[in-house]
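Each structure below appears as C-alpha cells.
Shared chain: chain A. Partners: chain B in the first complex, chain C in the second.
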Partner chain A sequence: MFVLRLLLKNAFRHRLRTLLTMVGLVVAICAFGLLRTIVDAWYNGVEGTSSTRLVTRNAISLTFPLPLAYAERIRSVEGVSSVSWSNWFGGIYITERNFFPQFAVEPASYLALYPEYVLTDDEKKAFLLDQRGAVVGRKLANEYGWKIGDQIPLRGTIFPGTWTFTLRGIWDGIDAKTDESQFLFHWKLLSETMRRRSLENADYVGVFIVGINEPQNAAQISQRIDAVFKDSRAETLTETEKAFQLGFVSMSEAILVAIQAVSVVIIVIIMAVMANTMTMTARERLAEYATLRALGFGPAFVVKLLFGESLAIALIGGCIGLLATLPIAAAFAKAVGTLFPVFIVSPLTMALQLLASLAVGAIAAAWPAWKMSRLSIVDGLRHVG
Partner chain B sequence: MKAIPLAYIARNLWVRRVTTLLTAGGMALVVFVYATVLMMSEGIRATLVATGQPDNLLLLRKGAGAEINSGITRAQAAIVESLPGIATNSLGERLLSKEPVVLITLPKRSNGKPSNATVRGTSTLGLELRPQVRIVEGRMFRAGSSEIIAGRAVASGFAGAALGETLRFGQRDWRVVGVFDSGKTGFDSEIWGDAEQMMPAFRRNAYSTIVLRLADPAAAQRIRDAVEADPRLKLEVKPEIQFYAEQSEALATFIRILGLSLSVIFSIGAVVGAMITMFAAVAQRTAEIGTLRALGFRRSAVLVAFLGEALLLSLVGGAIGLAAASAMQAVDISTVNFQTFSELAFQFRLTPMIALQTLLFTLAMGFVGGFIPAWRAARMKIVDCLREG
Partner chain C sequence: MTQALIRIYDLGKAYQRGEQRLAVLEGVNLEVQAGEFVALMGPSGSGKSTLLNLIAGIDKPSSGRIEIGGVDIATLSEGELADWRAANVGFVFQFYNLMPVLTAFENVELPLLLTRLSRRERKAHVLAALEMVRLTDRMDHYPNELSGGQQQRVAIARALVTDPTLVVADEPTGDLDRVTGAEVLDLLAQLNRELGKTIVMVTHDPKAAARARRLIHLEKGELVPDEAVAAP
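Up next, the complex of A and B:
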C-alpha cells in the first residue's frame, strides 16, 4: 500500500509533464483502437457471411456474367437447397460521392436466402408485387433520409439510362453484424429493360447465390456445381460466401497492411515519448535513488519504483484512451455513413489497447531502470540534480 | 539587440543526446508516415497521369466512366474510324485502336490470393499509339494467335504471367511471348493480346474503348463535335490524359485524406514529446537563463533561443523521417484501384514539393511544441532564476 502511494505521488510530482505524457498516450491508444476498428470494418463483409450460402461466379472474373439458364442446372445439383441470383448495378445516386452497393436480385428467393434482412410481411409483399420497387437497409435509408414510398433515381454506369425506383421496404439487421447499407431491386426489371433495348446483357446474371443445408459439405457441393459447367461456354467458380468476400478484401490488402503498420507506428511513437519522460525523471532523481539505496533499500526496489511509476502513468493514459475510443468510433461511424456498413470496436481491440499501454509503460521504464540498478551509491549522492 | 548564438543552441541538444534522440525519433516516425502517404498518393496519380498521351483521344460509352463498363459496337467503331482528323502512320494506316478491355481473376505469385488483372485486346497500332510501351523481353504477339504479352508488374506479380509461361482464360491457353515496360505507367499492370482473338474468347461483340491519335490538336474539337452530332454514337470523347487522371482521383484522394488525418493525430503525440523535452530543458537551465538575462540578453533573445532549439530538434526528426521515406522509393507496391477494380502497380514518389511540405509540417510540430516552454523561459524574472540555481 505504501509503495503504491509512493508511486502515485512520484508520478504526479511533475504534474505538467505527466499530464502531457498522458495526453500523448490517450491520443495514441485511441488512434490505435480506431485504426484496428477500421481494418475490422473492412473485414466485416467476411464476418457477416453465412456458411449455408455459396456464391457461383464466372471463372474468368466477376465482371463476366453467367447465363440465367444455369439456375435450373445448379438447383438440380445434389446438396443444393435453393438458388437465387443477383447483378451488380453500379448506379450513381445524384453524384459519384454517394456510393452504396446496388443489386438487381430475384426477390423472393434472395430474401429467403438472407433471413438476416428483417422486413415486415407488408413491406415484403409490397416489394414482391412492385417490379419497380426496391428495398434498402436501415442505415442507408437514414443516410439519405428515405421513407417508404419515396422515388429514388439511379443513373446507370453499366446499364445506361436513369432508373427510378419506389422504396417499398427498409430492413433492419438481425444483429449488429448485418449489412444495412445495400439497395436491392427486381432483377426482372433489369433484364426486361435490357431486352427491350436489345443489348447483349439480357438474361445474364452476375452471380448465383446457392443455398445449402449441410455447410460441412460446402467444398464437395462447390466442386459438383463447377463440374457441371466444366468446358462449357462459361465455366464457373463456386466458393463459400466467406471465401468470396475474403477475395474482395485481399485485393485491398496493401492498404490494410499499411493501416495495420501505421497503427503499430503510433504505439512506437508514444513509446519514445514515454521513454523520454521516464529517462528525464530518473535523471532528475538520481540523488534521491542513491539516498534510498543508502538507507538500505536494494537495487530491486528502485527498479520496482521506476517500473511501477511508468506502468501507472501508462495504464491511466491507456484506460482514458480506451474509454475515449468508444464515443469517437461512434462519431466516426456516423460521419462516414454507409462507407463502412458496420463499425464496432471489438473486445479484442480493447484488450490489445490495454496490452499496448502496458507494453509502452514497461518498455519505457526498461532503460532507466537498468541504469539506476547499476548506479553506485556514491556517484548518485555526488550527483547534483 | 544581440541574439544567442546558434552553436549554443545546437550544443544544448547534443548534451542531452538520449532525450534528443527519443524526441526526434518520435517526430521522425510521424514525418515518415506523413511523407510516405503523400508519396503514395502522388505515385498513384503520377502513374495514371503518365499513362495517357497528350495527343491521344479516348472514346467510351456515355456514362461508363471506366473501360470495363463500356461497350462500343462494331458499327459504332466503324463510324468513328471514318471521322476526319485522325493521324496516320508511315504506312498510311489510321492511328486508331479498337480495344476490348476485360478483367480476369488470377492468383498472385507471392501468396496465391486472387486479384484482378486487366486484359486488353489490341494490335500493332495500339502499340504505336503508346510510344512509352517497349518490349523488354521476348517479342510482340503475332496477330491471329493465342499469344499475349504481359506488363512488367503483371509478369512479376501474377502466377503464370512471366515470359514463356501460360495463362488459361476464356477456354484457351495463352502463351506469354513477351514482357513490356511502359515506363512506370498503368499499362505495366495489363496483359495485351490480339483484339480479334480476345473478342471471341470472351464472347463479346463490342469493344470497350477506342483510342486514336489526333492529326493536329484542333482536331479534338472537330471529332468531339462530330460524335455529339451523330445520334448513333452515344459516346464520350476525352483526352487520354484526362481520362487516366480521373481514374486515379478516388484512390489517391482516399489515401491522402486517410494519411493526412492520421498524421495530424500522430503529430499530437510528437508535439507532446517535444513539449515535455523543452519544458525539461527550460527547468534544468533556469539558472542559465538567469545568467543570460543578467548578461544583457533580452527576453526576446531567450524566446528565440528556446524556440530555435525546438525547431532544430524537429528538423533533426524531420531529416531522419524524410530520409527513411525517400528510401521507400525503391519499394514497388500494388493495390486494387476501386474505380476500375483492377490491380495497379505503382511506386512511392518523392517530389520537391512533398519534401518542402514535409519540412514545413515538421517545423510546425517543433513550433507548436516549443512555443509554450520558450514563452515560459522568456517570462522568468532574472532574480528568481538566479536564486533557483
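Up next, the complex of A and C:
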C-alpha cells in the first residue's frame, strides 16, 4: 500500500509533464483503436458471412453476368439446398455522395438464405407482393429518415432511368455484425424493365447465392457446380461467401496494411515519448534512488517504483484513451454514414488498446529501470544539491 | 571497558581513471569504540567522505578490511550489505535526502518497511523517533513545508527509527545556518550521550567537530594521529 501510494505520488509530481504525457497516450491509444476499428469494419463483410452459403459468379470476372437458366442446374447439384440470385444495381439516391449498396434480388429465396435480416411477417409479405417494393436495413433507413411507405427514387447508372420504389420493410440485423446498409428490390422488376426496353442481359444475373446444408463439404459442392458449367459459354467460379467477400477486401489490402502500420507507428512514437519522460524522471531522482538504496532497499525496489510509475501513467492514459474511443468511433460511424455498414470497437480492439498501454508503460521504464538498478549509491548521492 | 565497534585494517580505496590509478585512501587503520562520537575532518579531497562511505557500507574498499560489530562488511554481497545497512546504520546527509512526496511521518517510516513490524508497531516507532527530535506536531508536513533545520531533524529521526548501532553523518550542518546547525549538533550529541549511539560525522566546520568526543584528521588519504576533544 505504501509503495503504491509512493509511486502514484511520484507519478503526479510533475503534474504538467505527466498530464502532457497522458494526453499523448490518450490520443495515441484512441487513434490506435479507431484505425483498428476501420480495418475491422473493412473486414466486417467477411465476418458477417455464413458457412452455409456459396457464391457462384462468372469465372472470367464478377462484371460478366451469368444466365438465369443456370439456377435450375445449380439447384440439381448434389449438396445444394437452395438457390437465389442478385444483381448489383449501382443507382444514385439524389446525389452521388449518397452511396449505399443496392441489389436486385429474387426476394423469396434471397430472404430465406439471409435469415439474419429480420423483417416482420407483414413487412415480408408486403415486399413479396409488391414488385415495385423494396426493403432496407435499419441503419440505411435511419441515415435517410425513411419510413415504410416512402417513395424512394434511384437514378440508374448501369440500368438507365429513374427507378422509384416503395419502401415495404426495414430489417434489423440479428446481431451487431449484420449489415444494415443494403437496399434490396425485386430482380424481376429489373429483368422485365430491361426486356421492355430491349436492353441486353434481361435474363442474366450478377451472382447466384447457393444454400448448402453441409458446410464441411463446401469445397466439393463448389467443384461440382463449376464442373456442371465447364466448357460452357459462361464458366463459373464458385466459392464460399467468406472467400467471395475476402476477394473484395484483398483489392484494398495495401490500404489496410498501411492503416495497420500507421496504428503501430503511433504506438511506437508514444512509446518513445513515454520513455523520454521516464528517463528524465529517473535522472532527476538519482539522489532519491541512491538514498533508498543507502537505507537498505535493494535495486529491485527502485526498479519496482519506476515500472509501477510508468505503468500507472500508461494505464491511466490508456484507459481514458480506450473510453474516449467509444464515443469518437460512434461519431465517426455517424459521419461516414453507410460507408462502413458495421463500425463497432470490438472487444479484441479494446483488449489490444489495453495491451498496447501496458507495453508502452513497461518498455518505457525498461531502460531507466535497468540504469537505476546498476546505480552506484555513492555516485547517486553526489547528485544531491 | 568499551568494545571497538569499528575496526579498520590497512584500508585502501582507489579509483581507476583511464590508465591512471587514483588512490583516495591508503593504509588506513582505525578503531572506533561503541558509543563514541567521532568527527572526521580534513581538507577537500582528503578522503574523509570516502572513508565514511566505506564505514557505512555504501562503497567497497579496494584493499583491507572493515569490521563493524564483528562483521567484515567488505566480504558481504550487495544484497547482504543492503540488509546489513538497513539493520545497523542510520544515515544523516548534508542535504537531508528526504523523499519530497512523502510527509515527515512517511519519511521516517520508510526504513521500517524493510522490517517485519506491523503497521501499528511502525507507527509507534515513528512517533517515538519524531518525539525525540521534537517534530510530532509537523509529522503531516511535506519536506517543502519544513525549514532546513526541521528537515534535518526528520532525517535524524529516520536515521534513528530502526535503532541502528551506528549513525553516519555527512556534513549534517553543511546546509544550515549557525543557530540551526547548533541545534542539530545538540541533537546528535544528545543521541550519543543518552542513547549511546556510535556516531561518525564528516565535517569541515571546526565548531561542529568540537562537539564530537574524538577528532580524526585525514590528509591525502592517510590518517594523522587523532586527538581527544573535551566532552561538551
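By our rule, the second predicted complex is superposed on the first by the 383 of 385 C-alpha atoms of A that agree within 3 Å, B and C clash if a C-alpha of one lies under 4 Å from a C-alpha of the other, contacts with A are read in each partner's own complex, and residues count from 1 in each chain.
The definition used in the following text is that a contact is a pair of C-beta atoms (placed from the backbone, for glycine too) under 8 Å apart; a residue touches a chain by one contact, two chains touch by 3 or more.
Here the structure is a predicted model, which means the values were calculated and not measured.
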Problem - Partners on chain A (chain B, chain C) - clash or fit - result: fit
Practice task
For A:Gln353, decide between first (touching chain B), second (touching chain C), both and neither.
Solution key: neither
Exercise for the section: Would you sort A:Gly24 into first (chain B), second (chain C), both or neither based on which partner it touches? Expected result: first
Handout entry: Cα-centre angle that chain B and chain C span when viewed from chain A, reported as a multiple of 10 degrees
Key = 90
Exercise for the section: With the two complexes superposed on chain A, say which partner A:Thr56 touches: chain B (first), chain C (second), both, or neither. Expected result: neither
Exercise for the section: Examine A:Phe297 and indicate which partner it touches, taking first as chain B and second as chain C; both and neither are also allowed. Expected result: second
Exercise for the section: Once the structures are superposed on A, label A:Pro160 by its partner contacts, choosing first (chain B), second (chain C), both or neither. Expected result: first
Exercise for the section: Figure out whether A:Asp231 sits in contact with chain B (first) or chain C (second), or with both, or with neither. Expected result: first
Problem - Superposition-derived comparison: chain B or chain C, residues of chain A touched - result: B
Practice task
Would you check which partner chain A:Asn44 touches, where first means chain B only, second means chain C only, and both and neither mean what they say?
Solution key: neither
Exercise for the section: Return first, second, both or neither, reflecting whether A:Thr279 touches chain B, chain C, both chains, or no partner chain. Expected result: first
Practice task
Quick one: minimum Cα-Cα distance, chain B versus chain C, in the superposed arrangement, integer Å.
Solution key: 13
Completion exercise
As the complex stands, chain B meets chain A at residues 18-19, 22-23, 25-26, 29-30, 32-33, 40, 61-66, 68-69, 71, 102-105, 113-116, 169-171, 202-206, 234, 255, 258, 262, 265-266, 268-270, 272-273, 275-277, 279-280, 333-336, 338, 341, 343
Handout entry: Of all residues in chain A, those that touch chain C in their complex
Key = 2-3, 6, 9-10, 13, 287-288, 291-299, 377-378, 381, 384-385
Completion exercise
Residue positions on chain A within touch of chain B in the complex are 16-17, 20-21, 23-24, 27-28, 31, 35, 60-64, 90, 155-158, 160, 199-200, 231, 233-235, 247, 250-255, 258-259, 262, 265-266, 268-270, 272-273, 275-277, 279-280
Fill in the blank from the handout: Given the complex, residues on chain C that touch chain A span 53, 56, 58-59, 78-79, 82-83, 85-87, 91, 93-95, 97, 99-102, 106, 109-111, 113-114, 158, 175
